[in-house]
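Step one of this worksheet: look at the structure below.
Labels A, B, C and D are assigned to the chains in the order they are written; within every chain, residues are numbered from 1.
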Amino acid sequence: MQILYFAWLRQRTGIAEETVSPPPEVTTVGGLMGWLATRGPGHAAAFANPGLIRAAVDQDICGPDRPLGSAREVAFFPPVTGG
Amino acid sequence: MQILYFAWLRQRTGIAEETVSPPPEVTTVGGLMGWLATRGPGHAAAFANPGLIRAAVDQDICGPDRPLGSAREVAFFPPVTGG
Amino acid sequence: MPAVSVQAEPFDVAAEMAQLAGSRTDIGAIASFIGLCRADDGLAGMTLEHWPGVTERAISAIVQDALARFPLTGCRVIHRYGPMRPGDGIVLVLAASAHRAAALEAVGFLMDWLKTKAPFWKREDFHDGSHRWVEAKADDDAAAARWTPG
Amino acid sequence: MPAVSVQAEPFDVAAEMAQLAGSRTDIGAIASFIGLCRADDGLAGMTLEHWPGVTERAISAIVQDALARFPLTGCRVIHRYGPMRPGDGIVLVLAASAHRAAALEAVGFLMDWLKTKAPFWKREDFHDGSHRWVEAKADDDAAAARWTPG
(Lines give C-alpha, C1' and ligand atoms only; values in the text may rest on other atoms or scores of the structure.)
Protein backbone atom coordinates (compact mmCIF):
# COMPACT_ATOMS: atom_id res chain seq x y z
CA MET A 1 0.00 0.00 0.00
CA GLN A 2 1.35 3.40 -1.07
CA ILE A 3 1.13 6.22 1.52
CA LEU A 4 1.39 9.89 0.47
CA TYR A 5 2.14 12.80 2.82
CA PHE A 6 1.54 16.47 2.08
CA ALA A 7 2.46 19.79 3.73
CA TRP A 8 3.39 19.43 7.40
CA LEU A 9 2.73 15.69 7.35
CA ARG A 10 5.44 15.40 4.70
CA GLN A 11 7.68 17.70 6.71
CA ARG A 12 7.22 15.87 10.02
CA THR A 13 7.55 12.35 8.62
CA GLY A 14 10.43 13.55 6.46
CA ILE A 15 9.08 11.68 3.43
CA ALA A 16 6.65 12.42 0.60
CA GLU A 17 5.66 8.78 0.13
CA GLU A 18 6.39 5.29 1.33
CA THR A 19 5.21 1.75 0.66
CA VAL A 20 3.88 -0.10 3.71
CA SER A 21 2.27 -3.44 4.52
CA PRO A 22 0.07 -2.88 7.57
CA PRO A 23 -0.96 -5.98 9.57
CA PRO A 24 -4.43 -7.46 8.91
CA GLU A 25 -5.91 -5.94 12.09
CA VAL A 26 -5.50 -2.45 10.48
CA THR A 27 -8.81 -2.22 8.57
CA THR A 28 -9.74 1.51 8.53
CA VAL A 29 -8.11 4.84 7.69
CA GLY A 30 -8.16 5.75 11.39
CA GLY A 31 -6.52 2.44 12.27
CA LEU A 32 -3.88 3.05 9.61
CA MET A 33 -3.08 6.44 11.14
CA GLY A 34 -2.55 4.83 14.55
CA TRP A 35 -0.31 2.17 13.07
CA LEU A 36 1.74 4.63 10.96
CA ALA A 37 2.28 6.75 14.12
CA THR A 38 4.32 3.88 15.56
CA ARG A 39 6.85 3.85 12.72
CA GLY A 40 9.17 6.43 14.32
CA PRO A 41 9.33 9.77 16.12
CA GLY A 42 8.66 11.79 12.93
CA HIS A 43 5.57 9.71 12.19
CA ALA A 44 4.45 10.02 15.81
CA ALA A 45 4.73 13.84 15.57
CA ALA A 46 2.88 13.86 12.24
CA PHE A 47 -0.06 11.83 13.58
CA ALA A 48 -0.12 13.36 17.09
CA ASN A 49 -3.39 15.20 16.40
CA PRO A 50 -5.52 13.07 14.04
CA GLY A 51 -8.36 15.63 14.17
CA LEU A 52 -6.25 18.03 12.06
CA ILE A 53 -5.61 15.44 9.35
CA ARG A 54 -7.61 14.74 6.22
CA ALA A 55 -7.28 11.54 4.21
CA ALA A 56 -8.03 10.23 0.74
CA VAL A 57 -8.24 6.56 -0.25
CA ASP A 58 -7.33 6.06 -3.89
CA GLN A 59 -7.79 9.84 -4.31
CA ASP A 60 -11.25 9.85 -2.81
CA ILE A 61 -11.48 12.09 0.28
CA CYS A 62 -12.87 10.23 3.30
CA GLY A 63 -13.20 10.15 7.08
CA PRO A 64 -11.27 7.95 9.55
CA ASP A 65 -13.97 5.25 9.54
CA ARG A 66 -13.46 4.44 5.85
CA PRO A 67 -12.51 0.74 5.48
CA LEU A 68 -9.19 0.29 3.68
CA GLY A 69 -10.51 -2.67 1.65
CA SER A 70 -8.14 -3.19 -1.27
CA ALA A 71 -6.86 0.40 -1.25
CA ARG A 72 -3.69 0.89 -3.26
CA GLU A 73 -2.97 4.47 -2.17
CA VAL A 74 -3.82 6.42 0.99
CA ALA A 75 -2.94 10.13 1.21
CA PHE A 76 -2.74 12.22 4.40
CA PHE A 77 -2.80 16.03 4.41
CA PRO A 78 -3.96 19.06 6.42
CA PRO A 79 -7.13 20.99 5.47
CA VAL A 80 -6.42 22.81 2.17
CA THR A 81 -5.30 26.45 2.12
CA GLY A 82 -5.03 27.40 -1.56
CA GLY A 83 -6.75 30.16 -3.49
CA MET B 1 -32.25 80.09 -17.29
CA GLN B 2 -30.18 77.47 -19.10
CA ILE B 3 -31.96 74.22 -20.07
CA LEU B 4 -29.98 71.05 -20.89
CA TYR B 5 -31.36 68.03 -22.75
CA PHE B 6 -29.79 64.56 -22.81
CA ALA B 7 -30.38 61.34 -24.78
CA TRP B 8 -33.83 61.14 -26.38
CA LEU B 9 -34.83 64.50 -24.93
CA ARG B 10 -31.96 66.07 -26.86
CA GLN B 11 -32.94 64.07 -29.93
CA ARG B 12 -36.64 64.97 -29.80
CA THR B 13 -36.17 68.67 -29.04
CA GLY B 14 -33.35 68.77 -31.60
CA ILE B 15 -31.14 70.80 -29.23
CA ALA B 16 -28.64 70.04 -26.47
CA GLU B 17 -29.27 73.30 -24.64
CA GLU B 18 -31.19 76.55 -24.80
CA THR B 19 -31.65 79.71 -22.76
CA VAL B 20 -35.23 80.46 -21.75
CA SER B 21 -37.12 82.99 -19.64
CA PRO B 22 -40.22 81.23 -18.34
CA PRO B 23 -43.09 83.44 -17.12
CA PRO B 24 -43.38 84.06 -13.35
CA GLU B 25 -46.24 81.55 -12.95
CA VAL B 26 -43.76 78.73 -13.75
CA THR B 27 -42.38 78.03 -10.26
CA THR B 28 -41.54 74.30 -10.17
CA VAL B 29 -39.63 71.77 -12.27
CA GLY B 30 -42.94 70.13 -13.24
CA GLY B 31 -44.37 73.49 -14.25
CA LEU B 32 -41.28 74.19 -16.33
CA MET B 33 -41.74 70.87 -18.16
CA GLY B 34 -45.32 71.81 -19.03
CA TRP B 35 -44.24 75.22 -20.27
CA LEU B 36 -41.29 73.89 -22.29
CA ALA B 37 -43.67 71.38 -23.97
CA THR B 38 -45.47 74.32 -25.60
CA ARG B 39 -42.36 75.62 -27.39
CA GLY B 40 -42.85 73.47 -30.50
CA PRO B 41 -43.69 69.98 -31.77
CA GLY B 42 -40.23 68.60 -30.89
CA HIS B 43 -40.55 69.88 -27.35
CA ALA B 44 -44.10 68.54 -27.12
CA ALA B 45 -42.85 65.08 -28.18
CA ALA B 46 -39.96 65.25 -25.72
CA PHE B 47 -42.20 66.09 -22.75
CA ALA B 48 -45.16 63.92 -23.78
CA ASN B 49 -44.55 61.47 -20.94
CA PRO B 50 -43.17 63.38 -17.92
CA GLY B 51 -43.09 60.22 -15.81
CA LEU B 52 -40.14 58.95 -17.90
CA ILE B 53 -38.11 62.11 -17.36
CA ARG B 54 -35.58 62.88 -14.62
CA ALA B 55 -34.47 66.43 -13.81
CA ALA B 56 -31.61 68.18 -12.05
CA VAL B 57 -31.65 71.79 -10.85
CA ASP B 58 -28.15 73.27 -10.82
CA GLN B 59 -26.85 69.68 -11.11
CA ASP B 60 -28.84 68.43 -8.14
CA ILE B 61 -31.23 65.61 -9.09
CA CYS B 62 -34.81 66.35 -8.02
CA GLY B 63 -38.49 65.56 -8.48
CA PRO B 64 -41.10 67.63 -10.36
CA ASP B 65 -42.19 69.45 -7.19
CA ARG B 66 -38.82 71.12 -6.71
CA PRO B 67 -39.24 74.94 -6.73
CA LEU B 68 -37.14 76.62 -9.39
CA GLY B 69 -36.16 79.49 -7.05
CA SER B 70 -33.17 81.23 -8.57
CA ALA B 71 -32.06 78.16 -10.59
CA ARG B 72 -29.52 78.97 -13.28
CA GLU B 73 -29.54 75.56 -14.98
CA VAL B 74 -32.17 72.83 -15.29
CA ALA B 75 -31.30 69.52 -16.97
CA PHE B 76 -33.77 66.95 -18.31
CA PHE B 77 -32.82 63.34 -19.09
CA PRO B 78 -34.14 59.76 -19.09
CA PRO B 79 -33.21 57.30 -16.30
CA VAL B 80 -29.51 56.49 -16.65
CA THR B 81 -28.33 53.37 -18.51
CA GLY B 82 -24.54 53.30 -18.15
CA GLY B 83 -22.25 50.67 -16.72
CA MET C 1 -3.49 58.30 -10.75
CA PRO C 2 -7.08 59.51 -10.21
CA ALA C 3 -9.57 56.89 -9.06
CA VAL C 4 -12.03 57.90 -11.79
CA SER C 5 -11.69 58.53 -15.53
CA VAL C 6 -14.46 59.30 -18.00
CA GLN C 7 -12.92 59.07 -21.44
CA ALA C 8 -13.54 58.28 -25.11
CA GLU C 9 -10.34 56.20 -25.40
CA PRO C 10 -10.14 52.44 -24.76
CA PHE C 11 -8.59 51.28 -21.50
CA ASP C 12 -5.70 48.89 -20.84
CA VAL C 13 -6.71 46.44 -18.09
CA ALA C 14 -3.22 45.10 -17.41
CA ALA C 15 -1.73 48.61 -17.14
CA GLU C 16 -4.51 49.70 -14.80
CA MET C 17 -4.03 46.63 -12.57
CA ALA C 18 -0.28 47.26 -12.45
CA GLN C 19 -0.88 50.93 -11.50
CA LEU C 20 -3.33 49.94 -8.77
CA ALA C 21 -0.93 47.39 -7.30
CA GLY C 22 2.14 49.59 -7.75
CA SER C 23 4.92 48.27 -5.53
CA ARG C 24 2.57 47.59 -2.62
CA THR C 25 2.90 44.24 -0.90
CA ASP C 26 -0.18 44.50 1.34
CA ILE C 27 -2.64 43.64 -1.44
CA GLY C 28 -3.96 40.08 -1.30
CA ALA C 29 -6.80 40.45 -3.81
CA ILE C 30 -7.62 42.39 -6.94
CA ALA C 31 -11.12 41.97 -8.31
CA SER C 32 -12.20 43.44 -11.63
CA PHE C 33 -15.19 43.86 -13.85
CA ILE C 34 -15.27 44.78 -17.53
CA GLY C 35 -18.53 45.64 -19.26
CA LEU C 36 -18.43 45.02 -23.01
CA CYS C 37 -20.55 46.05 -25.98
CA ARG C 38 -22.51 43.01 -27.25
CA ALA C 39 -23.75 42.39 -30.80
CA ASP C 40 -27.38 41.58 -30.00
CA ASP C 41 -29.68 41.03 -33.01
CA GLY C 42 -28.68 43.40 -35.77
CA LEU C 43 -26.73 45.69 -33.46
CA ALA C 44 -23.85 47.48 -35.20
CA GLY C 45 -22.72 49.13 -31.98
CA MET C 46 -23.67 51.54 -29.23
CA THR C 47 -23.16 55.20 -28.51
CA LEU C 48 -22.80 56.40 -24.94
CA GLU C 49 -23.78 59.93 -24.04
CA HIS C 50 -22.75 61.50 -20.74
CA TRP C 51 -22.90 64.80 -18.87
CA PRO C 52 -19.33 66.14 -18.77
CA GLY C 53 -18.23 67.15 -15.30
CA VAL C 54 -21.35 65.88 -13.57
CA THR C 55 -20.65 62.26 -14.59
CA GLU C 56 -17.11 62.41 -13.13
CA ARG C 57 -18.42 63.85 -9.86
CA ALA C 58 -21.19 61.24 -9.64
CA ILE C 59 -18.70 58.39 -10.09
CA SER C 60 -16.27 59.96 -7.61
CA ALA C 61 -19.06 60.06 -5.02
CA ILE C 62 -19.76 56.34 -5.64
CA VAL C 63 -16.04 55.57 -5.27
CA GLN C 64 -15.88 57.49 -1.97
CA ASP C 65 -18.85 55.47 -0.79
CA ALA C 66 -17.11 52.20 -1.70
CA LEU C 67 -13.89 53.27 0.07
CA ALA C 68 -15.89 54.09 3.21
CA ARG C 69 -17.83 50.82 3.08
CA PHE C 70 -15.10 48.27 2.24
CA PRO C 71 -11.52 47.93 3.54
CA LEU C 72 -9.85 48.62 0.19
CA THR C 73 -6.25 49.53 -0.56
CA GLY C 74 -7.53 51.26 -3.69
CA CYS C 75 -10.01 51.22 -6.52
CA ARG C 76 -10.25 52.46 -10.08
CA VAL C 77 -13.20 53.19 -12.38
CA ILE C 78 -12.91 53.98 -16.08
CA HIS C 79 -16.12 54.60 -18.01
CA ARG C 80 -16.01 55.37 -21.71
CA TYR C 81 -18.38 57.52 -23.78
CA GLY C 82 -18.93 57.88 -27.51
CA PRO C 83 -19.29 55.16 -30.15
CA MET C 84 -18.56 51.52 -29.24
CA ARG C 85 -18.28 48.47 -31.51
CA PRO C 86 -19.26 44.96 -30.39
CA GLY C 87 -16.46 43.54 -28.24
CA ASP C 88 -15.27 46.98 -27.06
CA GLY C 89 -14.83 47.50 -23.33
CA ILE C 90 -17.25 50.17 -22.03
CA VAL C 91 -16.51 50.19 -18.32
CA LEU C 92 -13.68 48.92 -16.12
CA VAL C 93 -13.91 48.61 -12.34
CA LEU C 94 -11.00 47.43 -10.19
CA ALA C 95 -10.84 47.02 -6.42
CA ALA C 96 -7.81 45.95 -4.39
CA SER C 97 -7.84 44.78 -0.78
CA ALA C 98 -5.92 42.64 1.68
CA HIS C 99 -8.76 40.08 1.46
CA ARG C 100 -10.90 38.67 -1.29
CA ALA C 101 -14.40 39.32 0.03
CA ALA C 102 -13.88 43.09 0.24
CA ALA C 103 -12.43 43.29 -3.27
CA LEU C 104 -15.20 41.22 -4.87
CA GLU C 105 -18.02 42.94 -2.99
CA ALA C 106 -16.65 46.41 -3.76
CA VAL C 107 -16.66 45.63 -7.48
CA GLY C 108 -20.29 44.46 -7.29
CA PHE C 109 -21.24 47.56 -5.28
CA LEU C 110 -19.49 49.94 -7.71
CA MET C 111 -21.13 48.32 -10.74
CA ASP C 112 -24.61 48.34 -9.20
CA TRP C 113 -24.35 52.05 -8.40
CA LEU C 114 -22.71 52.99 -11.69
CA LYS C 115 -25.67 51.41 -13.47
CA THR C 116 -28.21 53.44 -11.50
CA LYS C 117 -26.46 56.69 -10.49
CA ALA C 118 -23.90 57.73 -13.10
CA PRO C 119 -25.32 59.94 -15.87
CA PHE C 120 -24.73 57.84 -18.96
CA TRP C 121 -27.27 57.01 -21.63
CA LYS C 122 -26.79 54.14 -24.07
CA ARG C 123 -28.09 54.29 -27.62
CA GLU C 124 -28.19 51.10 -29.67
CA ASP C 125 -27.13 51.68 -33.28
CA PHE C 126 -28.45 49.14 -35.79
CA HIS C 127 -27.03 48.00 -39.12
CA ASP C 128 -30.06 49.48 -40.95
CA GLY C 129 -29.16 52.95 -39.62
CA SER C 130 -31.90 53.07 -37.01
CA HIS C 131 -31.28 53.82 -33.33
CA ARG C 132 -32.92 52.94 -30.04
CA TRP C 133 -32.24 54.41 -26.60
CA VAL C 134 -31.77 51.65 -24.03
CA GLU C 135 -34.39 51.70 -21.29
CA ALA C 136 -33.39 51.55 -17.63
CA LYS C 137 -33.98 48.14 -16.03
CA ALA C 138 -35.93 47.54 -12.84
CA ASP C 139 -33.36 44.77 -12.22
CA ASP C 140 -30.64 47.35 -11.91
CA ASP C 141 -32.56 49.34 -9.32
CA ALA C 142 -33.15 46.14 -7.37
CA ALA C 143 -29.45 45.26 -7.55
CA ALA C 144 -28.46 48.68 -6.21
CA ALA C 145 -31.12 48.55 -3.49
CA ARG C 146 -29.56 45.43 -1.94
CA TRP C 147 -26.71 47.62 -0.62
CA THR C 148 -29.14 49.86 1.27
CA PRO C 149 -29.99 48.58 4.75
CA GLY C 150 -33.62 48.05 5.64
CA MET D 1 -7.47 26.56 -24.30
CA PRO D 2 -8.22 24.39 -21.26
CA ALA D 3 -10.38 25.97 -18.55
CA VAL D 4 -7.91 24.95 -15.84
CA SER D 5 -4.14 25.27 -15.49
CA VAL D 6 -2.03 24.35 -12.49
CA GLN D 7 1.43 25.72 -13.15
CA ALA D 8 4.63 27.08 -11.59
CA GLU D 9 4.85 29.94 -14.12
CA PRO D 10 3.29 33.41 -13.66
CA PHE D 11 0.12 34.19 -15.60
CA ASP D 12 -0.68 37.06 -17.99
CA VAL D 13 -4.09 38.49 -17.09
CA ALA D 14 -4.55 40.51 -20.28
CA ALA D 15 -3.65 37.56 -22.51
CA GLU D 16 -6.03 35.29 -20.59
CA MET D 17 -8.88 37.83 -20.88
CA ALA D 18 -8.24 38.19 -24.61
CA GLN D 19 -8.28 34.38 -25.03
CA LEU D 20 -11.51 34.08 -23.08
CA ALA D 21 -13.21 36.79 -25.14
CA GLY D 22 -11.75 35.61 -28.48
CA SER D 23 -13.75 37.12 -31.30
CA ARG D 24 -17.07 36.53 -29.55
CA THR D 25 -19.54 39.40 -29.50
CA ASP D 26 -22.07 37.86 -27.11
CA ILE D 27 -20.04 38.63 -23.98
CA GLY D 28 -21.30 41.58 -21.98
CA ALA D 29 -19.27 41.04 -18.83
CA ILE D 30 -15.90 39.66 -17.77
CA ALA D 31 -15.27 39.44 -14.04
CA SER D 32 -11.90 38.50 -12.62
CA PHE D 33 -10.12 37.80 -9.38
CA ILE D 34 -6.40 37.69 -8.70
CA GLY D 35 -5.06 36.41 -5.40
CA LEU D 36 -1.63 37.83 -4.55
CA CYS D 37 1.13 36.96 -2.09
CA ARG D 38 1.22 39.59 0.69
CA ALA D 39 4.24 40.61 2.76
CA ASP D 40 2.69 40.26 6.22
CA ASP D 41 5.05 40.84 9.17
CA GLY D 42 8.46 39.49 8.29
CA LEU D 43 7.17 37.33 5.46
CA ALA D 44 9.74 36.75 2.71
CA GLY D 45 7.31 34.81 0.58
CA MET D 46 5.16 31.70 0.39
CA THR D 47 5.52 28.23 -1.02
CA LEU D 48 2.50 26.42 -2.41
CA GLU D 49 2.42 22.65 -2.40
CA HIS D 50 -0.15 20.72 -4.44
CA TRP D 51 -1.09 17.18 -5.40
CA PRO D 52 -0.27 16.83 -9.09
CA GLY D 53 -3.14 15.41 -11.12
CA VAL D 54 -5.60 15.40 -8.26
CA THR D 55 -5.47 19.22 -7.95
CA GLU D 56 -6.26 19.69 -11.64
CA ARG D 57 -9.20 17.27 -11.43
CA ALA D 58 -10.55 18.95 -8.29
CA ILE D 59 -10.46 22.39 -9.96
CA SER D 60 -12.02 21.01 -13.15
CA ALA D 61 -14.91 19.64 -11.07
CA ILE D 62 -15.42 23.08 -9.48
CA VAL D 63 -15.37 24.70 -12.93
CA GLN D 64 -17.98 22.22 -14.22
CA ASP D 65 -20.11 23.08 -11.23
CA ALA D 66 -19.82 26.81 -11.98
CA LEU D 67 -20.72 26.27 -15.66
CA ALA D 68 -23.81 24.30 -14.61
CA ARG D 69 -24.86 26.90 -12.05
CA PHE D 70 -24.28 30.19 -13.91
CA PRO D 71 -25.04 31.17 -17.55
CA LEU D 72 -21.40 31.68 -18.56
CA THR D 73 -19.88 31.92 -22.02
CA GLY D 74 -16.65 30.64 -20.47
CA CYS D 75 -14.37 30.64 -17.49
CA ARG D 76 -10.69 30.17 -16.74
CA VAL D 77 -8.78 29.22 -13.60
CA ILE D 78 -5.00 29.35 -13.24
CA HIS D 79 -3.52 28.33 -9.89
CA ARG D 80 0.23 28.44 -9.35
CA TYR D 81 2.40 26.27 -7.10
CA GLY D 82 5.96 26.59 -5.85
CA PRO D 83 7.68 29.63 -4.35
CA MET D 84 5.97 33.05 -4.46
CA ARG D 85 7.36 36.48 -3.58
CA PRO D 86 5.22 39.30 -2.15
CA GLY D 87 3.26 40.89 -4.99
CA ASP D 88 3.23 37.71 -7.10
CA GLY D 89 -0.11 36.51 -8.43
CA ILE D 90 -1.03 33.09 -6.98
CA VAL D 91 -4.44 32.46 -8.51
CA LEU D 92 -6.42 33.91 -11.42
CA VAL D 93 -10.13 33.33 -11.95
CA LEU D 94 -12.03 34.74 -14.94
CA ALA D 95 -15.70 34.36 -15.82
CA ALA D 96 -17.44 35.72 -18.92
CA SER D 97 -21.18 36.04 -19.42
CA ALA D 98 -23.78 38.02 -21.32
CA HIS D 99 -24.68 39.73 -18.04
CA ARG D 100 -22.76 41.11 -15.08
CA ALA D 101 -24.43 39.28 -12.18
CA ALA D 102 -23.55 35.82 -13.53
CA ALA D 103 -19.92 36.77 -14.19
CA LEU D 104 -19.38 38.33 -10.76
CA GLU D 105 -21.17 35.58 -8.85
CA ALA D 106 -19.31 32.83 -10.73
CA VAL D 107 -15.97 34.36 -9.74
CA GLY D 108 -17.04 34.48 -6.08
CA PHE D 109 -18.28 30.89 -6.28
CA LEU D 110 -15.08 29.62 -7.92
CA MET D 111 -12.86 31.37 -5.36
CA ASP D 112 -14.88 30.11 -2.39
CA TRP D 113 -14.63 26.53 -3.59
CA LEU D 114 -10.99 26.77 -4.65
CA LYS D 115 -10.19 27.86 -1.10
CA THR D 116 -11.92 24.88 0.46
CA LYS D 117 -11.74 22.05 -2.12
CA ALA D 118 -8.58 22.32 -4.20
CA PRO D 119 -5.60 20.45 -2.72
CA PHE D 120 -3.11 23.27 -2.17
CA TRP D 121 -1.18 23.96 1.01
CA LYS D 122 0.46 27.32 1.69
CA ARG D 123 3.65 27.61 3.67
CA GLU D 124 4.75 31.04 4.89
CA ASP D 125 8.52 31.54 4.53
CA PHE D 126 10.03 34.14 6.88
CA HIS D 127 13.13 36.28 6.49
CA ASP D 128 14.76 34.50 9.45
CA GLY D 129 14.57 31.19 7.56
CA SER D 130 11.67 29.80 9.59
CA HIS D 131 8.47 28.46 8.04
CA ARG D 132 4.84 28.15 9.08
CA TRP D 133 2.07 26.19 7.37
CA VAL D 134 -1.03 28.35 6.95
CA GLU D 135 -4.05 27.04 8.85
CA ALA D 136 -7.40 26.65 7.13
CA LYS D 137 -9.92 29.35 8.06
CA ALA D 138 -13.42 28.70 9.37
CA ASP D 139 -14.35 31.84 7.38
CA ASP D 140 -13.53 30.06 4.16
CA ASP D 141 -15.78 27.12 5.00
CA ALA D 142 -18.58 29.55 5.82
CA ALA D 143 -18.04 31.39 2.51
CA ALA D 144 -18.27 28.14 0.56
CA ALA D 145 -21.32 27.00 2.53
CA ARG D 146 -23.38 29.99 1.36
CA TRP D 147 -23.59 28.38 -2.11
CA THR D 148 -25.17 25.23 -0.69
CA PRO D 149 -28.96 25.41 -0.39
CA GLY D 150 -30.52 24.72 2.97
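Please note the rule applied: a contact is a pair of C-beta atoms (placed from the backbone, for glycine too) under 8 Å apart; a residue touches a chain by one contact, two chains touch by 3 or more.
All of these numbers come straight from a predicted model, not from anything done at the bench.
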Longest centre-to-centre distance from chain D, chain (CA-based): B
Whole-Å separation of chain centres (CA-atom averages), chain A against chain C: 49
Averaged-CA centre spacing for the pair chain D and chain A, given as whole angstrom: 27
Centre distance in Å when chain A and chain B are each reduced to the mean of their C-alpha atoms: 74
Overlap residues in chain C, where contacts from two or more other chains coincide: 35, 100, 111
For chain B, residues contacting two or more additional chains: 83
Interchain contacts, given as pairs of chains that touch: A-D, B-C, C-D
Residues of chain A touching chain D in the complex: 4, 6-8, 10-11, 56, 59, 75, 77-83
Touch list for chain C against partner chain D, complex: 12-14, 17, 21, 23-36, 38-39, 86-87, 98, 100-101, 103-104, 107-108, 111, 143
Complex contact set, residues of chain D against chain A: 35, 48-51, 54, 79, 90-91, 111, 114-123, 133-136, 140
